[in-house]
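For reference, the structures are reproduced in the following blocks.
In what follows, subunit A forms one complex with subunit B and a second complex with subunit C.
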Partner chain A sequence: MARRRKDKEMAANVRLMKRPEREASYLRATLKGVALTFRHMVNPHKVTMQYPEEKWALSPRWRGTHVMEQHEDGRPKCVACGLCPAICPANCIRLVPGEDDQGNRYPVVYEIDEFRCIFCGMCQEVCPVEAIHVGQHYENSEYTRDNFVYDLDRLMSQKQPSTLLWDPSDPASE
Partner chain B sequence: MELEPVYQVGQLSTTGFLIASVIKVLIVFLVVLVTVAMLTLLERKISAWMQDRLGPNRVGPGGLAQPVADGLKNILKEESNPGQAHRVFFVLAPMLAITPAMVTFAVIPLASPLPTPWGLVEMVIADMPIGVLFLLAFSSLGVYGIVIAGWASSNKYALLGGLRAGAQMISYEIALGMSLLSVLFLVGNVRLPEVVWGQQQLGLWFAIPLSISFLFFWVSAFAETNRLPFDLPEAESELITGYHTEYSSMKFSMFFIAEYAHVLTVSMLMATLFLGGWDIPFWSGDNMLGMADGTVVGAAPAVWKTLLTLLAFVVKTGFFIVMFMLIRWTLPRFRYDQVMDLGWKLMLPALLTVVTVTAGTILALDSAGVAYGLVYGLVLTAVNAVMLGIFLLVLDRGRVLSGGYARQEKRAHARAVARFHREEFEVGHGAPAEG
Partner chain C sequence: MSSTAAKETVSCTVDGIAFEVPKGTRMIDAAARTGVDIPHYCYHPGLSAPAQCRMCLVEVEGAPKLQPACTAEVQDGNVILTASENALKAREGVLEFLLVNHPLDCPVCDQSGECKLQDYTAAEGRPMGRLAEPKRIIGVDDFGGDVLFHGDRCVMCTRCVRFMREVAQDERLAVVQRGDKAVIDTFFGEGLEGNIWADNVVDICPVGALVSKDFLHKARAWDLDRTPSICPNCTQGCNITLQVRDNQVMRLKPRPNAEVNGHWMCDFGRLNYQWVNRTGRIEAPLVREDGKLVPMSWSDTLLRLANAARGQSTGVRSVVSPYAANEDLGAVRRLADALGGGSGVFRVESGEEVVLPGFPQLALRSDRAANVRGAELLGFSRAGDSTGMGGLEEAESFDGVILVLGDDLEDASADFGQRSKLFIYVGHVLGGAARNADFVLPSTTFAEMEGSFTNVAGRVQRFWPAIQVPGMSRPAWQILGVLLSGIIDIPAPARPGDAFATLGDLSPAFGGMRFEELGAEGQPLEYSRR
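Let's look at the complex of A and B:
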């Protein structure tokens, strides 16, 4: 009976820790706090990065918006094999293949909807001629949603370095 | 007390007085407005540094033009007037808040008197014989703006904020006035230049011989300006933003400016009352008192002395302002009962004792024939140091302000009483069926 009542009491009341005055004193805590804020005021560890001027160095494996590699004469390296639209889990690559007089295949339409893309990098992995790459880039802002559909010209004019999906010097990482 | 030398500079003519006054009003008003704007920037900068951030740094060099951008934004923003609000009082409240804050600068002496070819110019806009009383009266008028804002908004949070502001200001006004009493005892005058002169004569700034009054004045100054840890009227976590919840654009900005103007006034006031005003320490070349008839008692006035003392005053005021900000970003807000406990149960009785003891000491010193000077000050210092020690000891024992620990005894007692009653009940009626 007595024990039960005590249990009930504990449930109803918040238990207070018995703290020594050294810890409970408002005065000392205030002085300590003021000293702390003062230390930070005169010697702030300025960790803020001034974003537009300074930027983080991206990892070489960062996967961002795509880059299409091109030949010296400006033709895209893509041979319209159709592997990347096939593997793309987000189904965001639209490819219409074409063939020229010599029988070389080339993409007539090649679009990537960067809004739907999940940046998995599988298109880069699967590409037999290393044409499409994900890039080391993260600043994506546009005024309309349509602008996020990158066509072939836009993909070829991207300036960012393309991603290294694995470390070439380390075969185990592949 | 040996007689001080007197310098005859000459009285300003009535026209000269008018012109000098207008110039002083214009300059002080402009400087105060700019300073207040800069204070908002300083606050943001200092808070940023304390939190290891950088603070505003995009507008102008190092963010210096940020107040301009803020002001412009506030003026251009849409003003919303709540439909339920009482229009007249709703519009009146921000003005009521800002006016007293802007008027109080008039009586604070900013520097030593300035000798000019036309006569002596006091470095205070209005050298009133009732300076301190005027200041107290006007700074407590500020609460009307807040209470009316809270009431006129027709918003429950605003109303609660206004009520809290009223209760808090009235409670701490008492402490403020009482801690001021010791200063007035010592100076025997309410004219602020005389207060400065009194400290120069004593050879000690009143912060030392009246240390405990200084401490109390400082604490109540925090409460009077509604700054953290006493910012209950605008407690964001409980009351959105309290009394100015419904205010937007420039009307809100006016409350904001009023708060900073109050901080500035109170800092100036504390510098004047307790840190010697424009007095430069360890130098007697600036110990002077300008009289209304154009004479100066004490050292010879000079233009460069005016400038130097002005600098000293700015430094002292700056110290208090930075302390305001330092405390603000250090301490969390009090609970409402803690504020009232501190004001009524601790500061009021303590101050009554302090005032009595200080008055007794001054009376004893006067009747013992001790000259007003360093010895006089040191005796007072000793008495005050003892009182301060006792007070800090009491505070340190956690009776008033600590958290759960201080209330543990109270709670244990309440529990024991409840158990006792319950057991009595059980004895009388048999144990209640517990399930």
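Let's look at the complex of A and C:
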């Protein structure tokens, strides 16, 4: 042990503590730990989550991969106004507008590159028809990067609940 | 403004800035000189001013009532306040009335992003509407031609009605009904169909009431890159902007030039742009080796071509496109001169000339390509018929050098150029007889390069590159300039201005003109001899 060594063996300027044997012993600390272990054996307190069978509940304001809302007949609610691609700071939304058979403006192509998305939620905020939403969802894994480019079908088939960007009863967060 | 009054000036103050304007200047134009844009709907510089929308109200110190800036002329000593409390309150009221029956369709409205109702409401309107009553609904009407009418979005400025009455002088639109039932409508069934100036009403409609079917839902105003250019589709040379998204031309819009097209352009030119976006372009220089065309680098191609051409003295027959720039045509001429001289032809489609009655300098000209005048000045002669076909006989069987620039050779016989010593094809697509060429050199269209056209009245006008060149394509003046410097030892032009500067040697009409001085609105050929 250090204090039994000759002083001259030590590097310069190292001050050796002189403590009584009683304090330097590990025994007290060990017993303290063992006591805690026994307490938990008697009174179990579980912290491990059995993922993926169990999952954390997410905050309603959690922003994850997108959900495209749809009409009852399965058409996307998006009217291809072009605002979300314009506001997206990551420039990850691709939109090609067109006209459907009923003469309505609709997105011929609507794709979001979820890999480039920074989940700011601005697309949801800007959408005038409440079509595109970020969602309460966090499990994203794919075998290829291309699979992270979600097309309209994929965005419409996402099942997670949409994010609430603000509390409806307190829109200004006051 | 009459020319006698133009000499006299009056002084005025607009929002604290004092200056002088010619007597008879409208307040709205005077304000524009200080950079103040007074909101307006019914006023358009190319039309009469009925002062009916009341959007342009401004306060003039000492005047009992607000004045409509679009018709009120500046009087000596006027102190004009464009943003006083009274003026703002009046304009806010006008906007509120306009929005009473307005659908606020902005997400699906084609005008969104370039709409005067959006702009002014954002700038001066009420933050919230107060209307509780249901809105009147009119719906959509097909006005014929390229024009679609969304009645609910109309702000009743009557610009469209006045354009058809005063400028097109073919009264086909009218206001029917009164009060909140008033709506723009066509007479009987014909609508705007058949009037080739009709699409101008889409340009001047300040809102999304009149929209183009061709452009419908295609792109957002904020997605478009705008490049000044010249309409390539007739010899009038209307000034335009090419509006581009994702490297595709989406639409053409007229660019005001009082000397050429005023504020207008014709539908024939406006809607004839798809060829600029065509795919399947030649992307690399091709050289014939063992009977096959092989892609090669520019330096190898031009070295081989210079070697093959040097010493040729049997003369040249050229076929050029009247869509080519002055600089390109000049380069063909110079190359031909260096190889023993010879004649050149161009072929152009032609049709009926249609004058715009309210602005008679402007007409859809019978020659349907921009640079016929330039080609003539640079020594090329017209060949073929009014469909732009035929006239290739002389070149076809020529046994010297054949040089084709930009002509697709659609109707050329299968053995076009087979008897020649050297067949050089400079163009955009490889089809038909072009495949017989010994050298195929990919060149750019007017939308991909900088250059100039000479219009029917002898006005030389510049255009600028709007889209990226496909592959290794280069402007023809550059290709042929480098080639020429390899044949006879002269410097190659580095910039379009250098190529333009050599035109004076070929035709005295261009003598003394400088490319840099042409500006965005062009200069007449005579300008150098003022």
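Rule of thumb we're sticking to: the second predicted complex is superposed on the first by the 131 of 174 C-alpha atoms of A that agree within 3 Å, B and C clash if a C-alpha of one lies under 4 Å from a C-alpha of the other, contacts with A are read in each partner's own complex, and residues count from 1 in each chain.
Please note the rule applied: a residue touches a chain if its C-beta (ideal position, glycine included) is under 8 Å from a C-beta of that chain, and two chains touch if they have at least 3 such contacts.
Being a predicted model, the structure only gives us computed values, none of them experimental.
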Touched partner set for A:130, first subunit B, second subunit C, both or neither: neither
Partner chain(s) touched by A:46 [first = subunit B, second = subunit C, both, neither]: first
Touched partner set for A:82, first subunit B, second subunit C, both or neither: second
Partner touching more residues of subunit A, whether subunit B or subunit C: B
Touched partner set for A:38, first subunit B, second subunit C, both or neither: first
Touched partner set for A:99, first subunit B, second subunit C, both or neither: second
Touched partner set for A:27, first subunit B, second subunit C, both or neither: first
Subunit C residues within the subunit A interface of the complex: 106-108, 112, 140, 216-220, 222-223
Residue numbers on subunit A that touch subunit B, as the complex places them: 1, 4, 9, 13-14, 16-19, 21, 24-28, 30, 33-34, 36-38, 40-42, 44-48, 50
Touch list for subunit A against partner subunit C, complex: 79-83, 86, 97-99, 103-105, 128-129
Interface residues, subunit B side, partner subunit A - complex: 46, 48-54, 326-327, 329-331, 392, 395-398, 400-408, 411, 415, 431, 434
